[in-house]
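Two complexes are shown next, each including subunit A; its partner changes from subunit B in the first to subunit C in the second.
This part shows the complex of A and B:
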């Protein structure tokens, strides 16, 4: 695994949490994600990547953290995964993917609009049959979340 | 001054509109749209002084809207600031080539947005 291609996503994630939510998340040790592994996340925001590499960027949250982050942005109390939560985490993954392109300029990449998957142990339709998914866990004072990146042809 | 804020995220539109309050221009008016189609409709029926435009949106994206506007005589000089997550240099160059006046990478900061606006409207 070449960390230099993961680094732009990590930096973008730390930056958006700092700027948007005034929280500096701590990056934990990245690992290879088993695509069929069960997980505890309640909601994931997904951006597809196309162009000179095909892939996806996914940020997965527990419902409580997704709600807290949304409350911080909107100033409203959020108790469930509603439209505002979908909007907030969609914008977070959009910014992470778009900002990370700056560190991957040797490849011309396009990003999709965000989509949201929710539910206990929800399944992600990962693109790229054989490409590995790199999972990067984050810890913050508000809770834990997970960034996953798959980039066919770039991360092998 | 009438400012049109275009972003498919309602929360982002609100953040941008809240930031604009720091211009301290009590007569300013803000209108918003969720995509390029809605924005074009508003532009055709209202006088807009400044367009703050996201790139990635459904139906008609920001870059497509810029191309369309710059091909229409009445919008050739409309000030446009693109506000987008797209941070790659080739994206910035593409947007400038199509005719945006300035480019701001999200996440938006108060200082970043206000300095871009003041560059276009130095009297503010």
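This part shows the complex of A and C:
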């Protein structure tokens, strides 16, 4: 795993939150995430990565933050994680991915459209066998969310 | 208007092809269409004339025309339903045969019916074909000759010279019909043969295109795929109906953007007037290319393709590009797997040789320790701690501890890797640390976890080979003492010294589970210290009138709810002067007032994280974090640490931990 592939995603996340929600999220200390670990997130958007590195970048939100973000963007009041929330989170993460793509231009990387997983303590089908996941928590005035990365370098 | 014309045309086509369905031969189809057309035209004319004659009060003629109309109508319907082409052909021809003879018999206005009858050979020969048409025309010829030449044979008198003209023009029309039919049927034959040859050739091409295991296709100047391409191409792209699809669209977002734009320029070069074929072969950007197909859920399927392009040049211009594409994913994946497997196997063999001689219980212990170290760090990372330097130092200490244990067990691969990470941390830990560095070392931690997992896999496999009896025997040994013995074995060889370990007063059962790892770490670290700095070489010892073999005494006691551990060696002891000199040379200590320091204060410097007295940092000692780590651990547990030393005689560490 190389930090240069992760950096653009972090920057893009901060930028998108700043631009769309007028909120500057603060990066917290990264840690190792156990794949089977229980978590507090209710919606996750998964971006697949292929090319000179292979794996996934996942952005996970608790229900409350996902609802706040959706209300802010759509103007509707959100009571549960419905299709609107899924669509909004998908769109937000899509913009993050598009933003990150600019920073990844110099590498031979492909990134997929985000796909959404939801539910309390939902399972994410992490690619790769033994490789641990790096979790990068974000703190913002609207709530906390998390960016997780698992990458396997193809070209050493 | 155009729509109206179109529907008329469709209606006409529908009527004229009545009964043609299921007929394969083009010749027959044309005859059916001709028959139906004549039939229809005849019907209109007959109906019209029948009305005209009725108005003129020529009832007989009107009636016969009308009956001829109905016969033709019947023939058309019959043809449409029964598809009996030959029979309805005869019905039409015979009807016209008698109708025309009847008309000639009646003469018409100014003998004008003699003009109408000229068309019979055309109808007979085209509808019935050459031979029956000739017979019918022959009979017809006899009939009209009789009517024209025999006086009073018809209602009107035609006269000889008029009759010759009628017969003459009839013969002319007849010959033209004959020639035309002859030429037409010959052309038809050639055409049919040609098209059946083409059909056979097409079948062969289709069969090749369906079964060849490469994608073969043509690109036109707009870079669209032509109509003829091999089925494999659909398989490669996973899309049906590729005709007229743009190759660039198929590749876009699946290949690297740079390669994509290079491909665009490259393919355009084929259609430039100055085309260098050899150069084009050499610079093909799709020579070997990775395509990433997005999967429905998430992630990609990667295919490796090999493209070749060759211009098809006609009239000195590229008309099309002939392209082939081959899916070489399996070969590439196989080669990759083989290579990865090779590296892995090589690494595993190395590790296997290293661990095969080590007690499995100790390996288990190593793995458990390493995992708990990583867990501790992860807990720290998850905590609110904001001091990055403190975190990095903790990572360093953990890496150091795991490395020490790995080294002890002879896991050189693992310890080398850990040593490398230690070096990386050493470079930055003096500096102001950024978040990025923290992330970098978190990634390193994940790599260590991976490494430990690998060892774990290997140990499990080795254990599977060993009998349970063996394992039990090993477990019963005292693991703490064992670890110290092993450290001594490894390090004493390295420094060419001899050490005798005395543990008579050490009771490992008194070490509670809570302190097991703490005590083990302390013992190993002190042993390493002692062997690196304390115990002298045999020659030196002899010259000092000491035993050649050094001694390390480890003892323990439990008193007043406290556990006391003592570690004593008979080495050179601590030397306040050497420590002071060394400390003066260390950058971190440059502001200290050494002159005013008591010996006790000087000795305490050895617990400072930056202190080390070994001349070079070797694999085993000299990183300087060891004693500091011990002190920190002891204090964290609410214990205390004392050091006593006599120069040239001994050095003793006494550690007290609350129970």
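Throughout what follows, the second predicted complex is superposed on the first by the 144 of 156 C-alpha atoms of A that agree within 3 Å, B and C clash if a C-alpha of one lies under 4 Å from a C-alpha of the other, contacts with A are read in each partner's own complex, and residues count from 1 in each chain.
In this section, a contact is a pair of C-beta atoms (placed from the backbone, for glycine too) under 8 Å apart; a residue touches a chain by one contact, two chains touch by 3 or more.
All values derive from a computational prediction rather than experimental measurement.
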| item | value |
| --- | --- |
| Touched partner set for A:98, first subunit B, second subunit C, both or neither | first |
| First, second, both or neither for A:32, with subunit B first and subunit C second | second |
| Touching partner for A:19 - first (subunit B), second (subunit C), both, neither | first |
| Subunit B versus subunit C as contact partner of A:62, first or second or both or neither | neither |
| First, second, both or neither for A:46, with subunit B first and subunit C second | second |
| Partner chain in contact with A:115 - subunit B first, subunit C second, else both or neither | second |
| First, second, both or neither for A:87, with subunit B first and subunit C second | first |
| Touched partner set for A:7, first subunit B, second subunit C, both or neither | second |
| Which superposed partner A:132 touches (first subunit B, second subunit C, both, neither) | second |
| On subunit A, positions contacted by subunit B and by subunit C | 105, 108, 112-113 |
| Residues of subunit B that touch subunit A when the two form their complex | 8-12, 14-15, 56-58, 84-91, 105-107, 109 |
| Subunit B-touching residues of subunit A, taken from the complex the two chains share | 15-16, 19-20, 70, 73-74, 84, 87-88, 90-91, 94-102, 104-105, 108-109, 111-113 |
| Complex contacts: residues of subunit A adjacent to subunit C | 1-3, 6-7, 27, 29-32, 46-48, 50-51, 56, 105, 108, 110, 112-115, 125, 127, 130-134, 136 |
| In the complex, subunit C residues that touch subunit A | 253-254, 256-258, 290, 292, 294-295, 297-300, 302, 374, 378, 381-382, 385, 391, 435-436, 438-440, 442-443, 445-447, 449-450, 453-454 |
